[in-house]
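Same chain, two partners: chain A is paired with chain B first, then with chain C.
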Partner chain A sequence: MNYSMKIKPDTVRVGLKPTPFIDRLRPLNKFESLAYWQGYWSPADFGNPEREYFAIRNTTSVFDLSPMTKYRIKGPQAEAFLQRLMTRNIAKLKPGRVAYTVWCNDEGKVIDDGTLFRLGPQEFRLCCQEHQLFWLLTSAAGFDVSIHDETDEVCGLSLQGPTSYSVLRALGLAAVETLKPFELRDFSFGPGSIMVSRTGFTGDLGYELWCAPGQALPLWDALQSAGRDFGGVEPIGSTALDMARIEAGFIGAHLDFMPADQAVRAGRAASPFELNLEWLVDFNKGHFTGRAALLAEQKAGSKRCLVAVDIEGNKPANHALIYHRKKTEVGHISSGIWSPTAKRNIGLAMLQMPYGKSITSDLWAEIYVMRELKWEKRMAKCTIVKAPFFEPARRRATPPGAY
Partner chain B sequence: MNQLSGVEVAAPSVQSSLREDRVYDAIIIGAGHNGLVTAAYLARAGLDVAVLEKNPHIGGAAVSLSLYEGWTYSNCSYVCSLFRPEIMRDLELYKHGLQIIPYEGGMTMMANGERFHTYYDHNVFRQEIARFSKKDADAYDAYSTAVMKMCRWIKPMLLRTPPDPTSFKPRDIAELLYLGKHFASLGERDMGELVRFFTLSIADFLDEYFETDVVKAHFAGSGIIGTALGPYSPGTAYVLLHHYMGDIDGSVGAWGFARGGMGSVSKALAGAFKSHGGKILCDSEVAQITTQGGACTGVLLTNGNVLRAKKVISNLDVKRTFTKIVKPDVLPENFLRQVNNFKIRGSSGKLNIALGGMPIFDNVPSEHPSLRGDLHFTDSMARMERGYDDWKEGRWSADPYVDMLVPTQIDPTMAPPGKHYMSVFVQYAPPTLSDGRSWDGPARDEFAQTVLNQIASQSPNFRDLVLHYEVRSPWDIERETGLTEGNIFQGELTMDQLIFNRPIPGYAQFRAPVRNLYMCGSSTHPGGGVMGAPGANAAREILRDLSIRNFDPRQEAEI
Partner chain C sequence: MSYSHIVIGAGHNGLTCAAYLAKSGAKVLVLEARSQPGGAAATEEIAPGYRVSSCAHLLYQLHPRIMLDLALDRHGLEFSAKNITTTVLAGDGAALTMLDGKATGNISEKDAQNWPIFWARMKKIARHLQPMLLMSPPRLAGRDLSQNLDLLKLGWSIRSLGREDMREFLRIAAMNVYDLAADYFDSPLIKVRISADAVLGTTLGPRSPGSVLSLLYKLTGALNGVQGAMALPKGGMGAVSGALLRAGAVRGVDLRLGQRVRRIIVADGKASGVETDTGEIIEAANVISNADIAKTMVSMVGAQHIDAGFQRDVSKIRSKGATAKLNLALSALPNFTGADAQALAGRLLLTESIEQIELAFNPAKYGQWSKHPLLEVVIPSVTDPALAPAGHHVLSAIVQYAPYQVESGWASQREPFQRDVMAHLEHFAPGIGASVVGTDLKTPADLEAQFGLPGGHWHHGELAIDQLLMLRPVAGAARYATPVENLFLCGAGCHPGGGVMGAAGYNAARAVLAKRQAA
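Coming up: the complex of A and B.
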């Protein structure tokens, strides 16, 4: 008897899971350079991350967002549930708008951050990096709400860069110029429709396009021809995207903070205050998970703080330890790059208080550079600055300019 | 608002010049990018600074003008690599809109229809060279290492003031010691190599590595650009280094486009300068630098206005400064003689072309990545040298070496959607024609046709796409930017005119032999190109003379 005949193909798949765009992306990924994102096939770069980075800041870049975890949250108590879950005031989020938010555990530590799309009065989509269904369903006990993982039912492309508006106009999206930052809208496309939100992870003019997997390839092809006259729509990988998000001063899970539900070691998880996200915490909206702990932290003071730093020299300081007076260890750089646009060596740094708040000078990053098989150590002076490191006016302009 | 350049400039202010009592801390003559760098550093240090520019627009040879509706040209310089990142950082130029976008690769289109491509990825490029010669492919590694060693050596010198080897001042001695130590750090073998390198021809240098003509011709281009020497002339190896020693975001030797054209460099510098309270007066040509008792007191403009200043800094090349706007009687005779002997021969021309679409080139797939890079036609060393022979005879090259780019494949701001701007740098063209004709006649367009024909010979649809073109002969370059003879570097880059010899031995520290008069243009160390280093170095020396706290030149040159 042939047992294999009874096994459905999907039950034995070992290896990376394709996204609906893979047939277009794989042939372009000539150096087969991949990043590991939730087990999906996801490019790290297409051969030259610098070139891809400049597509974000100069023309239009396109990044396959499909592996992004997505939950559809709906029902009469959807708002009440999210109000309880999130630190932000979700009642203020109107249908057709998107909000960046975090959610915490009872200790007031951040589980993850993400974008919450309000699709209707009783309907939301939550997009985030980590898997949350266990936490969402546990938290939903007692609420009249349904929560559904729609990660594989909705695919997405992030279209970011100064010509991205021109590309969407050329794509034929009517009145897309009126779409404001953090607004979402449905546009007819082909036989169906796509959802477009003016959101992104780059701090630049940009949009995210969401559609059913069946529309993925037609959408991809249409974008490529719409972009031809505007310097192209350049596929990018996560390396370039990460550069842009650091310039924008955005944080990443497992990079700048350890998701609280995954932290094994005590003291590793971080609160919104420690992540410089106090603007996301609304104590006046009523109870929410972590509220008591955060109130207590607000009173007692936080243990750490995330700051933006300008680092002397040109050697990227990612993961460097930070010392006060070159002697006392006071923190580390959680994300660091040479910024090709600001022409500065920049980083986000997690510091032990009072460093970063009342003690801000004489801070040094200990950078190790591997040069022809020899480690060289640099002590580079860090200056605390304001994030974002780069914030073009076009990011917020409505209607946006042609480039 | 100056519509032409899109650069906001103050109109010449008659009022301020009539206010006899006003004495500026510093006046900079010329709003070339180096003049603007000096100006911005001085203003940042708190000085009251004015920049005087003869043209209605700023930028000198780093300029973007719109001559055909919908298009912006980088009229002179067109690609950027040398501009020091320290300056961009110090002056926060990104806040004033400066963005340098690297391009990758390129191609030489050979007469026989073959194409030699260059690629960003090292191994892809090696494989391309191997199509022509496996030995050359491996030699490329050795060649790259040798060039990199030279770059590493030269780089820390760019933002330092050269020592005067004949002086006994402690600072000069310390700087000489530094130079000696820096030299010795190369090790015995490479010390010899470096000395040799400074005097070699690019042809001899390439012969040591490569056997394939087109490979050599492709690399040799960097050794002759802007230079009144042929590939077999001693000294051209250094010129190649001068084009390699820049970097974009740490990628040594990489070149890129300034978004919006090279005028964006000047525009950002002007923005930084103005943010520190500086003032730019366009349409203000300086006729003479005024002196009293052997010291500089200000300037006299061609419109008759007089402006007074405690320090005057000339962005003009050394020849123009000291033969045109300084009275000879205040200059030491020996100095003036050397100024007259300063080598500043013009050898380059330029075409800026508006295209109705992207040209197709024979045997190149459309949208091939190489088309986004630098394109050339000269496929042999002999062709290149013949181009130089024409120049020696006082003619433009009948078969010129061109460095051709279509920046609008990358920069969406310089032409309407779907249309393109092509920049064609042409080597060689003489400042004066031996047949006695003026450039201001049919000659200019004959020169242009030579270039257009060369391009059309490899592109079936090029001619049909041409909507407009601007032609710049060396004479046009001189007339507009004031670069003597149209020499793009404000003086040739040969050993006798480099480091402590630039521009003139004994005067390499940015000070003129007239008190309170300084030089900040590309005629000074470390030389030409859109680099900003001469301007920053001059600012440092001026601030030093004023005992004002200064910036550290040594900070981040290392690679």
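Coming up: the complex of A and C.
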């Protein structure tokens, strides 16, 4: 064999992929605290996640969304393709609107969730956490549709918090006050334009700004100036964002559900019903992948359910096992924090049915706390409540209140 | 006229399925795209007065249960020869003729003595696999009692081989036929016989893993009570379809020729009929497709009605044929070097060694046909003179190895391919070229276009361990029902597979009727 590896060193990327915002973000990331996000340079925090969290709820936070996996889906059959792919009725999604949706495998288990932006009658952008090209191309066979990974061609910033509207107005975005939740629009910015959608992962008033990499730094700098009179635009990492999303009752891949195409163990993947997402499943829109399996599940009943729980005390219950009558193990907390805003100990819990549906009382979380190098066990009572744990009116107000 | 069942495709499995459905009282319509029924089990006129089996030319698997149930003999199925000899011709005069356990000709004394023992052993193992033919593949999980019984029966049947033969079965099941032949024999021509039966109609070489399984599969067949026997239907393979057609017709099956199904009508996950090319919509409570699963589910049902993972599985079925068919009209009986009159009435295998078969397979892997292919030849007019004008003959040859996808495409390569095959044939039968009065060559591309064989594969998909039983055609559609309610499959792509057997059609009919009872 005469085969030898001939890869030029400069074509091999070593380490994390930078995002277009890295030149501004890296100097601020004093402790070099990073989180894994598809191999990109993505901050976990900037030294003080609590402070970052409070920026989300009190002023304006900014989070670098560029690593978000983005696919451009277009063609005469783009809608038909998405109808077959998604559990939601995409025909109802109008151009200029965004929808949260999930997609399933044949067994009706969730592969991933994401936001679908309808850019035009035949053009969409899908934003999601996991890489989906294989599944999208698999699903595209037989449809007149093109699918293009545009992750590195579009960068993004998530601007979330009560003053975010005021910051955007100060940025000079004309008529941004008329942008409704889940609406998207192009705004002129500098020599070009940026796309703004009123979306986010915090359950608060907020926007996501999408632009070409060339506009990244001008946009960043302009936002910093625009925010000066509104308490600043605070860069945040994923730790603070995660706290906000739990308060909002949003689920995360690899946290609250295992992406079905990556789950190795039998029974680990979850259906939309099990994730409390039945509102995303439309059986009347025609066929979609997983429909038959989901109909069967609807008939036979689901095995598990995701519920929101209020946990006694103030010790975060993340990953705690849940027992019925302190005896029978019936599930676990998939995401749990002390909620600084709700002032409650909250969590999302995956429970084995019938616990969580017909049996909802006498549930206990087994929490371990480290006290000066000694583990102590607390059994904390769990009460099933309705998510979200925090939902300010400003989230939906149009026009949003100004500061 | 309203129908309870529509069968798409009048191949022998479609006709078998239709006849059984009608037998139990269903009102069945068979829609066939071509102007002739029978699919790849057909006889055609290749030159005025010369008729020959279009595609398959030897009958060795037609299930006895089907012959009996449908009384195919009463419906006109006759044989011009019932248990024909197989003769291997090396081209240089060396020849070996076999009939069942008897082998005479160029073979060592040791191998001649060993042959009946070996052949009986292979037949015994294959016999113990027979129960699976008329059994719906068992589910991997959630089996009911009858499926467990089926599985138990098969397990017991294999166990009852006895310790020694069961060990041998386990040893050879996943082996290649080249090694198996070498285990038992030294003489080149006997090895040709064994490996030819394993590779004909497949995309396997003698050294391909799984080729032994292919041999055993073929040997599960029996005709007129003789296992491993090969017969020539009187009038060509079309006689089988003709008899199946009449067996259906007397039970009220309607057949419409020249009606290509454009679309299977599906709403809310249920099939309710078909739309033909002319735009006619025909409704029926059940639709059964003799077409392959990819054409049925993707082209006729449509991607928007099926799950993406299922569609991917269906599209990935290994179904690329490597077998062509050559039919010749001849003004005289060809003179095959080394063959006597008896040999010419039987089956001829033309090649000098098992190594040559493997060498012939090589180019097929890389988009080229073999210049020295293995040829399986019959001259049916020797025993069935009505197939050709007096004193004239028809020759039918299976050409093993010509790939489905050939470099530069078959449209431009058919002529040189034909020249190569004829030159190769001339080597075995000097002077044959001069007596040719008509030629009909079907490349794998032609077989797909004419008979709907996906990828030109004779069995609607390779018969290999990954595509058998509950994996045939794909997991999730192995029990003849598809994910679309009221839509069934009955073609060779289903268990137990190809060959003119009819078992897939029979099993499919049983699955359709079982659904009715369950409802």
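Here is the rule we use: the second predicted complex is superposed on the first by the 392 of 403 C-alpha atoms of A that agree within 3 Å, B and C clash if a C-alpha of one lies under 4 Å from a C-alpha of the other, contacts with A are read in each partner's own complex, and residues count from 1 in each chain.
The criterion applied here is as follows: a residue touches a chain if its C-beta (ideal position, glycine included) is under 8 Å from a C-beta of that chain, and two chains touch if they have at least 3 such contacts.
Treat the numbers as computed from the prediction; the structure is a model and nothing was measured.
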Exercise. Following the overlay on chain A, give me a clash-or-fit verdict for chain B and chain C.
Key: fit
Practice problem: In the overlay, answer first, second, both or neither for which of chain B and chain C A:105 touches. | Solution: second
Exercise. Pick one for A:229: touches chain B only (first), chain C only (second), both, or neither.
Key: first
Quiz prompt | Which partner, chain B or chain C, touches more chain A residues | solution = B
Self-check item: Vertex chain A, arms to chain B and chain C (CA centres, degrees, nearest 10)
Solution: 160
Exercise. Classify the contacts of A:139 with the two partner chains as first (chain B alone), second (chain C alone), both, or neither.
Key: second
Quiz item: After lining up the shared chain so the two structures overlap, which partner does A:290 touch, if you call chain B first and chain C second: first, second, both or neither?
Solution: second
Exercise. Report for A:85: first if it touches chain B alone, second if chain C alone, otherwise both or neither.
Key: second
Quiz item: After superposition on the shared chain, which partner residues are touched by A:381: those of chain B (first), chain C (second), both, or neither?
Solution: neither
Quiz item: Between chain B (first) and chain C (second), which, if any, makes contact with A:340: first, second, both or neither?
Solution: first
Practice problem: Just the number, please: smallest Cα separation between chain B and chain C in the overlaid arrangement, in Å. | Solution: 45
Self-check item: Footprint overlap on chain A, comparing chain B with chain C
Solution: none
Practice problem: Enumerate the contact residues on chain C facing chain A in the complex. | Solution: 269, 298, 302-312, 315, 476, 483
Quiz item: In the complex of these two chains, what residues of chain A are touching chain B?
Solution: 31, 47-48, 50-51, 54, 57-59, 162-163, 166, 228-231, 312-314, 338, 340-344, 390, 403
Exercise. Quick one: which bits of chain A touch chain C in the complex? Just the residue numbers, please.
Key: 80, 83-85, 105-106, 135, 138-139, 141-143, 286-287, 289-292, 295
Quiz prompt | Residue numbers on chain B that touch chain A, as the complex places them | solution = 85, 88-89, 93-94, 99, 101-102, 104, 120-121, 248-251, 259, 408-413, 417-418, 555-556
